[in-house]
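You will see chain A twice below: alongside chain B first, and alongside chain C after that.
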Partner chain A sequence: MTSHPGDHKQPHGESPERPGDEALPRQAPEDAAGLGAAIESEAATSGPEVVGFSVPAPAAEPQEPIERDVPRGYWAEAWLRFRRRRLAMTALLFVVFLALVAIFSPAIVGTKPIVCKYKGEIYFPCLGYFNRSWENAIFTKDRFRNVYAGNLKEKDPESWAIWPLIYQDPERRVREGEWPAQPANPTRNYGSPNRYNLFGTTPAGVDVFAIMVHGTRIALLVGFVSMGIAAAIGITLGALAGYFRGWVDALISRLIEIVMCVPTLVLILALIAVLPKITIWHLMAAIGLTGWTSIARLTRAEFIKLREADFVSAAKALGAGPSRIMFRHILRNAMAPVLVPITFGIASAILIEGGLSFLGFGPPPPTPSWGRILAEGQQNNTMWWLIVFPGLAIFLTVLAYNLIGEGLQEATDPRLREAGR
Partner chain B sequence: MAQYLIRRLLIALAMLVVITFLVYALIRSTPGDPTLVNIESMSPDRQPSPEALQRFREQYYLDKPIYVGYAMWVLHLVQGDLGQSMAYNGAPVSQVIGERIGNTLILTVSSLVLAYVLSIPLGLYFTARNGTMRERALSTVLYMLYSLPSYVAALFLQLAFAVKLDLLPLFGTHSDNFAQLSFIEQVWDIAKHAILPVTCFTYGSLAFYSRFIKANMNEVIRQDYIRTAKAKGVSPRNIIFHHAFRNTLIPLVTQIGLTLPALLGGSVILEQIFAWPGIGKLFFEALGYRDYPILMSLVLMFSVLTLLGQLLADVLYAIVDPRVSLT
Partner chain C sequence: MRRFWPWMTLLLGGWLLIYSGCGSRTDSGSAQTSGPGDEPSISANEPEPLPPLEPFDPPPLHELEAKVEWIDRPVRDAMKLRREYDAAHPAPISVQEALALRNTSAENNEKILLTLGKLPTDDNQVNWDATVNRRLTMDVKRTNPLFFSSVSEGEVSSLIGFGLFSIDWNLEPFAAAEHVVEWKTSKDGLYDLVVMRDDLTWSDGYPITAHDVAFSFQVIMDSKVGPHIPAIRSGTEELRWVQAYDDRTVVFFHKEPLATNVWNIMFPVIPEHIYKDSYRDDPQMSTSPYHQELELNPISGGPYKIVKRERGREIVLEAREDYYIYKGKQVREKPYIKRVRFKIVEDNNTALLALEKGDLDESMLGAAQWQAQTNSDAFYAKNTKVSGPEWTFFYFGWNMNTPYFNDVRVRRAMSYAFNHKEMLDDLCYGLYQPCLGIFAPDSWMAPKKRPMQYQQDLDKAEDLLDEAGWVDSDGDGIRDKEVNGKRIKFEFDILVSNKPDRIAICNLLRENLESIGIICHVRPLEAAVMQERMFKKEFVAAFSGWGAGADPSTSDNIWKTGAPRNFVGFSNKEVDDLFKQGEREFDREKRAEIYGRIAEIIYDEQPYTFLYNMSSFYGFNKQLRGYMFSPRGPFGYSPGFGSVWVTK
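Now for the complex of A and B:
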């Protein structure tokens, strides 16, 4: 079987999963660095005895039917290896769990109904937690003042509503009599965890559990958006430097070193300080604009390695332009190693956001943020629940991304892979 | 070699100019005016006269365009003058930094020494017992520590040891009655205050270095000369210590170069949490005051150390490993 190494559209379906198949480590066609020939011989010869080596062994008779040895696609192979690492898989599940919590945060805890029928129309007021403007203006006009419970029935006896699982709000204190049989949230340092406030309350009486659940959204968003920005900058610059070399490389390499030299905090704080009003989006942009160096360095290294590969010469011979070669041919082969610093970058972006919020440079108060609960916890250090829960949340999230990053690294780096055998 | 050094130093110098100019421009264009920041903190009855303000502006070239101000800063710098601080009663910057740097060094040096001293036996243990239950458990714990943000750890430790158990002071560098204590008591007092911050500084690098040593050892241990040593009957202990570990010392030593900036820079967030008046805290305060002479000096110090550290790492690498050549 021949496969162009620059093309990873491997037919996944062609290699049916069999029991025992997974125990057999095999060479993936990732060695695009000029081992194209080995792949062909691999398909023909790799019986169990050539495990782990891409040495052409023409004399070896295939002991199994040929189609058993059709190599999996690169990504399928990597996924298989990743799946075998229990810690990395647990971490991935944890991140999926966090994503679900983030998406369904208004349905888990909130004071706005998920769905309600009001004056003959169906509304979804809980969307207001995602974006203020998604909350229908009729509720502002009818002066609900963000309190739906009670007001709904009072203003329209015909109305009905489906409420979140827990009646608490991440932005304000729940008062006496708002919700049947639920007392007002305790303020100051009386709000230790109880059956109404699972994780306690802040000194102002806001429910910590609600802030944590809604803060998940911010934490995940920070990770993805800021690393998205960083990846776009890092991959573009790294690709240019690694592909063109020469003065482009020198210039970009110096730029990388400069950004690495300036302390991240100065850069971020200065970027933030220039703006009149900080929102979470500015924060993400600032983290992204400072966090691309490791991605750029790795992309550059991969491009330097791959630009000499045969498939690049082939693409050149076919008349492909530089941008096509860079982003369609080389980048596809370099994507897996580049994913590793991106994953680690997500972890550090979450860490930085927490730290900035902790120092008081985070998004302004109505935005729920894990780091800001920590800051309040430091000022009121007898309220252990303000430190333990958000601290654990930040820790576990950072840990999860680091574990995923490490799992990816070992699943995609052939050198480490062999070490693991 | 000499040619290489000269070229690297020249590039570094050019980069320093770019970095400092960028930072200067950034600080100058941030909204808070240093004169205004200072007035805001003063009481209303002690407002400086407009003439004094004007003098202040002229003294720091705030009335001039950014590039002129920067040029003047460089001019003073070349003459060995870091300038006067704005927020610290006009004290010379070098004096302000000098007062703080000792505090930071107490934390960073002791944590660096601790990290190296502890991580070497740990890393060797990991290699020798690779794959056993206990090794895996310990590695996992260390990896988790590596992911534990230092500010979270600091708050947890404060909560446990200072608030709940009341064993150690919550923050600060020394007790109120420090002056009355005898010398030994003074040392003990500082040590007691330093335990928590040093722990926070150390655990991350401890995890990093022990993993680093383990990774390098695992690489070395697959080399042919280790197999040769095994074949001729060298004891496993001897192999680990004499044959393998010596060869992993190379990357370990070069790592020291890269720790230089952190050594003198301290940590903004940790020093803030422990109210430890070191360089990191100074930096954070100065940022709030827009005290650009101090900020510029700190950034200069930091970037010089970073560039120097990278150069040092490369040169050290070439010196200890003859296979590497500098061109």
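Now for the complex of A and C:
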């Protein structure tokens, strides 16, 4: 019988038809349904709390240990363990919430209609917040000058529009007369939080809430893209080193050691000095290209362990090539520990972006960025709202990723799992 | 410290480059430059040597005296001038009232300045043992006055350097009476003769003589030293020779009788006995161990000397007794302040906190700080604040050698597109006046007729752009134009120094331009990087500023065709000719006309979108007295810091 690492880890495992068969899809249907329900109930209780940025976890219903004699895959098992950790779950939900905010940011606050009908055509001007070229040129041609409210009706009385929940803009100040009964945003140091500016305004009169909501995109993007790059490099190199050993291993290990010596922040500052144009993508690339070492090391360690496993020998015996063995058989079993540094990496990437923006090396305006509001707050220290809100957002996001990472670690590491009992 | 040392006028007299926003000028030091070669990033490699000075055989003094008709020039004591000013402007309120007064209006500002700005009427009022903690916004790189390039270095050099000439708070040049007995100029404008005093010494005890002055000229004109100090050199280039006839008499030989010759003879003086054997081998005067030692412990010719220097932290200066006492007799006024501690505080907020704590006695304030953060009791407990107008303006510079801005219609469209009102009222806290050209509106060289002030008019801007051929032909919402057979989009970067208040101004421009179909990317850069790119002309647009020159002729290095600091590539034959005329015209009225015309032409061409004229804002400890503002701030003239004193 061929052995399968998932099988090692679950005493009641069925023997798969093929070695290395997918662990995840093999969940029992009712189990999956139960999971879905659990997510919903969690969301129901903790969702609003998260919205209000209050930290304490909800007093959720006591989690009964779900001990069924149903065979479970390794991932299902890990997910189960993870779910039991209330803090980690809250953190996960917070990140999901942030992702939703990021995706729907133009619909939450903005000055561009979500949908509008203008001169007989339907347009989605709010997409301009994602990418300027997605905003239709007709509005520039018709001299809208980025102000849709008012202009829309004036230039085409037949037009209609669905507007975002809050009429504010992350890239510019809202001025008098744009939106009925809404005054111009206060400038200088007068923009303390008020009815129209929930989190106040910057000295230039840009709404802080709008910057924060749209800045979520940057914060999450930085985390995911940079760690995506890091994971791709780290896992590939780690896998090669761990699987082939020998000179490949020696070479890659030395490379890891060298890259570990490169201080990310200094590298980025150097890049800024050298490159004529620096964008957020350069920053992400720099963070990604220096942040893969711990991922590579862990992957390598896992591969060294697993390459001796029976199921690998079996796969070899069946004539599988190295790449198939590495990426189809070993990798999926090595993934769990690797996820942990990735999650921590996302947290640190967000911190680096915040720090760079704070120092003024972040993405230039109008890209909304949490760190830049902080920098403005540092210049105008009487404006507390420039410090409290973005500071809290960065703190909570980084905390959430760290909690998720820790939860993952304990859920996937059998030793910790036992200890956690 | 009594005097604002004259050679500084030349350097500051050249227009200073300031990368600063309306908010603050805190780091302007890092960016203020006197010439293109001053930054090490630019002159990393040994530059090409300049042609050597042609030898010159000066006629003997008696021959010169025989053939030349002399006109006496002013030799003044700046402190005396200050006392006369004080007498003519009595304090409107008592000192107690002034100390209690909050600076909430222009009227109060004047009251505080006139009252607390007074010199002591009685020596017993002065705390002669005082230490004043001053703020530098960046560290001093060089202490050798020849190589001074930043404002910080200027502040220190003005206390330890030696010079023959100076300027007062109206930026009028004169010879400093503490150093000079007599100054006369030949009627034909070709010679300047200066007789120095005989009681001057360097801090190492050697006498300061006319030979030092002549030697300094030779060093500046040295073919290898010259490339490192282009700003000073641009003035001395106009001199044919400097000859010391004896220890006290020095004659400046001019190439041409120019109105600007008075500025050309103002250059820093270094001790001959120290440098005569060493400068040839080390033209940067900073790499050999001997010069390094001198950088740490420079020989001072001014009223102070450096006693302690901690890099990046502080520089401590102490009054030199041998400056005002010569052979046991007091020959000059004793400096009011015994010790000056320059603390290096880059951040504006840190400086404000230090001011409130009493760790600093004076500091420049940003606009936001002036308006919002200095009204509390915490600030007024130990300090007061004052402001004065300054001849400093800020602008968006449009590189005219790019396909975007070679058309005057496009440049005017930029000025029409920008929301000037919001910048002045909101981003600049309503503290600054709009800038209407290259000369400050209250200066004598500004045009008599007030030019048209640009206001935002997006329709006009769009019409001008359409006219210039920038239309959105491919329907992507961005204007484009065919240039040399290639269709290019109107999309460019604007460089700006990395400060939130400055970025905010550029961001407003970005927003305004975006609304008329032009994409503008704001590129915040470190001041040094930005400076380098501007000198190399590797930019399309930039936000920057210029500080005032004492004489309008000094702005020719910004506006003449091909001038080193003509970053935007402005070229106008009439302006070039007018600058030449201005140099040769001696009548103030006629010069004002010439320079007014230059300002008009430049304003009409709009190579810059002129933004605002800045004022200086300062916080002073309540113990400090005697400060006064010139168009170059509270210290950039004579007596400047020399008139500041501390009460008992």
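Note that in this section the second predicted complex is superposed on the first by the 347 of 421 C-alpha atoms of A that agree within 3 Å, B and C clash if a C-alpha of one lies under 4 Å from a C-alpha of the other, contacts with A are read in each partner's own complex, and residues count from 1 in each chain.
What we mean here is this: contacts are C-beta pairs under 8 Å (C-beta built on N, C-alpha and C of every residue); 3 or more make two chains touch, one makes a residue touch a chain.
The shown structure was predicted, so the numbers you read here are calculated from the model rather than taken from an experiment.
S.K.: Does chain B (first) or chain C (second) touch A:187, or do both, or does neither?
M.R.: After superposition on chain A, A:187 lies in contact with chain C alone.
S.K.: Looking at A:378 after the superposition, I want to know if it touches chain B, chain C, both of them or none. Which is it: first, second, both, neither?
M.R.: both
S.K.: Where does A:157 make contact in the superposed view: on chain B (first), on chain C (second), on both, or on neither?
M.R.: Touch partners of A:157: none, neither chain B nor chain C.
S.K.: Which partner chains sit in contact with A:277 here, chain B, chain C, both or neither? Use first/second/both/neither.
M.R.: second
S.K.: Which of the two partners, first being chain B and second being chain C, lies in contact with A:319: first, second, both, or neither?
M.R.: neither
S.K.: Go through the superposed model and pick first if A:262 touches only chain B, second if only chain C, both, or neither.
M.R.: first
S.K.: Scan A:135 for contacts with chain B and chain C and give back first, second, both or neither.
M.R.: In the superposed model, A:135 contacts chain C only, not chain B.
S.K.: For chain A, give the residues common to its interface with chain B and its interface with chain C.
M.R.: In chain A, residues 273, 276, 378, 381-382 are touched by chain B and also by chain C.
S.K.: What residues on chain C touch chain A, complex-wise?
M.R.: Contacts found on chain C: 23, 348-349, 366, 368, 371-373, 422, 425-427, 429, 458-459, 462, 472, 475-478, 493, 498-501, 503-504, 506-508, 510-511, 514-517, 519, 521-524, 526, 529, 538.
S.K.: Which of the residues in chain B come into contact with chain A in the complex?
M.R.: 11, 15, 18-19, 22-23, 26-27, 29-32, 140, 143-144, 146-149, 151-152, 155-156, 158-159, 162-164, 170, 218-219, 222, 265, 268-269, 272-273, 283-284, 287, 295, 299, 302-303, 306-307, 310
S.K.: Where on chain A does chain B make contact in their complex?
M.R.: Per the stated touch rule, the residues are 87, 254, 257-258, 260-263, 265-267, 269-271, 273-274, 276, 347, 351, 354-355, 358-359, 374, 377-378, 381-382, 384, 387-388, 391, 394-395, 398-399, 402-403, 419.
S.K.: Would you tell me which residues of chain A are touching chain C in their complex?
M.R.: Answer in residue numbers: 132-133, 135-137, 139-141, 143-147, 171-173, 187-189, 202-205, 272-273, 276-277, 360-361, 364-366, 372, 375-376, 378-382.
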